[in-house]
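In what comes next, chain A is part of two complexes: it sits with chain B in the first one and with chain C in the second one.
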Partner chain A sequence: MSKARNNPLNSFAAHAALITYTLIALFPVFVILVNSFKTRKAIFRDPLALPEADTFTLIGYQTVLKQGDFFLYFQNSMIVTVVSLTLVLLFGAMAAFALAEYKFKGNLLMGLYLALGIMIPIRIGTVAILEMMVSSGLVNTLWALILVYTAQGLPLAVFILSEFMRQVSDDLKNAGRIDGLSEYTIFFRLVLPLVRPAMATVAVFNMIPIWNDLWFPLILAPAEETKTLTLGSQVFIGQFVTDWNAVLSALSMAILPVMILYVIFSRQLIRGITSGAVK
Partner chain B sequence: MTALSLTNVCKSFGQVEVLKDINLTVEEGEFVVFVGPSGCGKSTLLRVISGLEEATSGDIEISGNSVNDVPPAKRGIAMVFQSYALYPHLTVRDNMSLALKQERKPKDEIAARVAEASRMLSLSDYLDRRPSELSGGQRQRVAIGRAVVREPDLFLFDEPLSNLDAALRMNTRLEIARLHRQLGASMIYVTHDQIEAMTLADKIVVLRDGRVEQVGSPMEIYNHPANRFVAEFIGSPSMNFVPAERLGGQNGQFVGIRPEYAQVTPNGRLKGKVIHVEKLGGDTNILIDLGDDLTFTSRVFGQYDTHVDQEIALDFDDTKCLSFDAEGQRI
Partner chain C sequence: MKNSGIKWHVIVFLAPAVLVYTAIMIFPLFNTLRLALYTEVDQVRQFVGLENFRTLFGNPHWSGQFWNALGNNFWFFFIHMIVQNPIGIALAAILSHPRLRFAAVYRTAIFVPTILSFVIVGFAWKLILSPIWGITPDMLKALGLKWLYAPYLGKEEYALTTLALISVWQFVGIPMMLIYAALLSIPEEVLEAGEVDGITGFASFWKIKLPLILPSIGIISILTFVGNFNAFDLIYTTQGALAGPAFSTDILGTFMYRTFFGFQLQLGDPHMGSAIASGMFGIILIGVCIYLFGIQTRLRRYQF
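On to the complex of A and B.
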């Protein structure tokens, strides 16, 4: 294996493939960013050109900041994402710990039941969810979104985390028990720090779909004061005219926080992906 | 007073019986070693004593009190694990003091006990390091220190030295022996290692398939094994078993001869061909093929010069031999 890795030709091929993939993945982001700084005419004339002196404009950003309550949308998105992620991680980790650590009747069945959600897309249940939200009076609140996203994220979180929790040494947990730590302390103080890379992985996998989601905000919380960023950006897309400057600017700004969160998690994420490999 | 007494302890995982009717007492201050082949239930027995695993039936008393329903932390025990099991995010000092903090002991008492334990184990210089910044031997000493600060009535060690290299093993073994003398506490120690068992134990408990095969002092077990299993398991190289009829005895019986009691003599009763020689410097192990698929090991003191395929004859002292019947019981 190490021989293959050290071979310069192989290493070149691997890097070429990775760089190609990176370029392809980053290209749309690049186009959005570049065009958000161009005039409308320039966007259509030559979508791939960089902004120049005569095509440069900040009109899109001005529109976005003026029209619509951009900061409110931003705040809504942030609250929904952060609270959902927190709940997914907290409850997912707790369920995973219980499944991995305790022997009880129906342990396996419970695990399968929780994992079922991975295979069934939550959007299938949209109508039922909407009915539930209406009858519980949660429509047009951020809680509606938070609850749905938490439910959506839990199956994968439980699945991934329970696998990692099984790898945490039994001796360590037992040492804690003998030292008189409660099960909660063992969970929070011993096990959670050790599965942090896995938690970061789950966080990243959940964060992006939640942040980008248009479906549930549109159905469950379309009111002005609960609009999320993705939904808020839609005001610039009309049936007949679309304010491309504004749309692109809004999207550019929407990318930023995700990027920041991603950078925070990514160090952990890399450790998470490779953690099984070198031990 | 008895430090620990087990009465009819059984443990099963589902259908599988792992411990079968264990009866055992450990006197105060005694050093008891559990030995037995892999999978015979040594660790499980230790975990049942510590309360990490609940016994399916039977009584467990520690210092005269029944502890069947007492959680591990309140049993007055401390355990040292094979994998050290140190808390990776805490410093050595915090690792050692955690249990005392949980018991809400006063700060100065905690500090004093940690200082004392770290002095005993020469850990004073490492108190502010994390486990990842320590060597294997130091980690194991921290694990032992974590047990010592709790001042338990009963120490439980589960193969504490098996992750250490040979030299470190010997040092740590001496350290554990010294600790036992200093603290005078009762200790139960699980090991695979013959030398650890023989040198540390006041009392050895030989286990097989979840049953106690024999309990006794190391020399009792070595000289008077109750059955063929114990005779074969204790002692290295292990005892030779020669069908008795080859030596003029009764059909079906076996004669057990320890390797060191069989010496090379020109007209010995056992004749064969050398198939392998292990020269250890201090002594020499000679493996001899006696025919009929019977391999015999002789341990000769000093450096004995022989080579493979040489014809050789051995003899032994009849009074040092043990006889076993066909079922493996001593006669």
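On to the complex of A and C.
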């Protein structure tokens, strides 16, 4: 390796640039978290200071827990995200297997049809989706959200998973067939375990947009008992605009679950993106 | 393996995905396009052909709002293209330096805003930029730039650009990651061959790496385009459905939401909402076609 690429001055400049941008990226999160633990006076007097013994308070969190049903919202978000992801992975993997494994008439066309949804956002069809959910009585149920997110996640899932399923060795599947395994057993027992890394990538890609979505909860399930955490915090903060302690605490509580998920899955997410899964 | 007749297992494998996708995504999409051709008179749905579109483009009240939202949307997209993508590429270029230490830490930290919801991002920035709290004016004062401060989200001339920059702040991680991946896939021999010819540092980036990552830049551009013309959440969270001040931050997403659901005194109109959604569909379709047929086919891809 030549000297030109290991110049200490360059390396210093690189770190300076990255540290600057990291600070820009984390600053707002830091300000929100820190101030959520401070008294109202301290929030205004010195917004950048850390909470100290005399400025520390949990009053914001108390208001939030008393006034908003955040545990219910959290539970709703959890149910919607987990069930949608399970359905996306199961249905997506099954369809991907069919497209990758079997030669049948219309295989290519079916692949293209399912890929259409990668580029066209599902929100365009909102008017008709709402009409359908109203007439089927699913409006204000978590099922409305689960169905929408499943449909939204399928195109990319099928696309990514079928790429991976093409790489599974034919010998293995044919050995299974000679042993008399059914096509279903081959799929569930032999192929699925082998594409687990790709499934994890798809799950992580879908998790964040589902968890963070505001549009469909607002339109399809705005009732108190079906609010997701994202919609719940939006409504709560809208009502408590002037109560800075409550607003900052509500924001911190909304940040917390995503941060935990991110810390657990960040390696998977970054590996997924950088492995070129989304070419 | 080849048995004649219907292969039931193929149908069983395909059915759930195809059914859900068709019923919840494709069918409503076309149904929305169809609903745009109807209107409601005395609670009865009537076919009116292209009347809604005539209203949308012909009636000055409607067309004014539509062109305003479309223009704002293009500005929103423009800011993303000239700020988000260059910063993303620059960060990726620095990160992909082979001997950089702590690269994983930087990567993880810079990606944090992308995982936050619009609600968190919108309110957090609203508080930080707020003249009441004073974080921004105080920080600018410390830098001797106090004259730069204005209530950015409250001024017609700055609000949209400010929101676009907030959105850039949130999503810069995506181009960064995709370009980073593309840069890592460039083989060392290519760069070394350049070095032998005396192409190093910046020159190596401009003359060797950039041409090789053009396809990734193309993908990022189309992802940004689709994402921006489908945006809604950030504007709704910070400025409400009215996209204030004075509709200066109104984009197609908020315009469609307002029309569809109604606001203040105006009643919601699903058919006009469908007409706007059809317009959005058309715009996204044109963008995707330009990319697929105009840009993607001309970019040369290199196989290593």
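Simple rule for what comes next: the second predicted complex is superposed on the first by the 198 of 279 C-alpha atoms of A that agree within 3 Å, B and C clash if a C-alpha of one lies under 4 Å from a C-alpha of the other, contacts with A are read in each partner's own complex, and residues count from 1 in each chain.
Operating definition for what follows: contacts are C-beta pairs under 8 Å (C-beta built on N, C-alpha and C of every residue); 3 or more make two chains touch, one makes a residue touch a chain.
The structure presented is a predicted model; accordingly, all values stated were derived computationally and were not measured.
Looking at the shared chain after the overlay, A:Q62 reaches neither chain B nor chain C.
In the superposed model, A:Y102 lies in contact with chain C only, and not with chain B.
When the two complexes are overlaid on their common chain A, residue A:W215 makes contact with chain C while staying clear of chain B. By the document's definition of touching, of the two partners only chain B reaches A:I178; chain C does not.
Residue contacts after overlaying the shared chain place A:F187 against chain C, while chain B stays out of touching range. In the superposition on chain A, contact of A:Q167 is made with neither chain B nor chain C. In the superposition on chain A, A:P121 contacts chain C only, with no contact to chain B. The partner of chain A that touches more of its residues, comparing chain B with chain C, is C.
In the superposition on chain A, A:I24 makes contact with chain C only, while chain B stays out of contact range. Residue contacts after overlaying the shared chain place A:S136 against neither chain B nor chain C. In the superposition on chain A, the residues of chain A contacted by chain B and by chain C overlap at 174, 177. By the touch criterion given at the top, residues 1, 7, 9-10, 12-14, 16-18, 20-21, 23-29, 31-32, 35, 87, 90-91, 94-95, 97-100, 102, 104, 106-121, 123-125, 127-128, 133-135, 138, 169, 172, 177-178, 180-181, 184-185, 195, 200-201, 219, 222, 226, 230, 232-233, 236-237, 253, 256, 260-261, 270, 273-274, 277, 280-281, 284-285, 288 of chain C touch chain A in their complex.
Remark: chain A residues 1-2, 4-6, 10-11, 14-15, 17-18, 21-22, 24-26, 28-29, 31-32, 43-44, 47-48, 87, 90-92, 94-95, 97-99, 102, 104, 110, 114, 116-117, 119-132, 147-148, 150-152, 154-155, 158, 174, 177, 182-184, 187, 208, 211-215, 218-219, 230, 233-234, 237, 244, 247-248, 251, 254-255, 258-259, 261-262, 266, 269-270, 273-276, 278-279 touch chain C in the complex. Looking at the complex, you find that chain A touches chain B at residues 169, 171-172, 174-181, 189-190, 193-194. Listed in rising order, the residues of chain B touching chain A in the complex are 47, 50, 52, 71-74, 77-79, 81-89, 98-99, 102-103, 146, 150.
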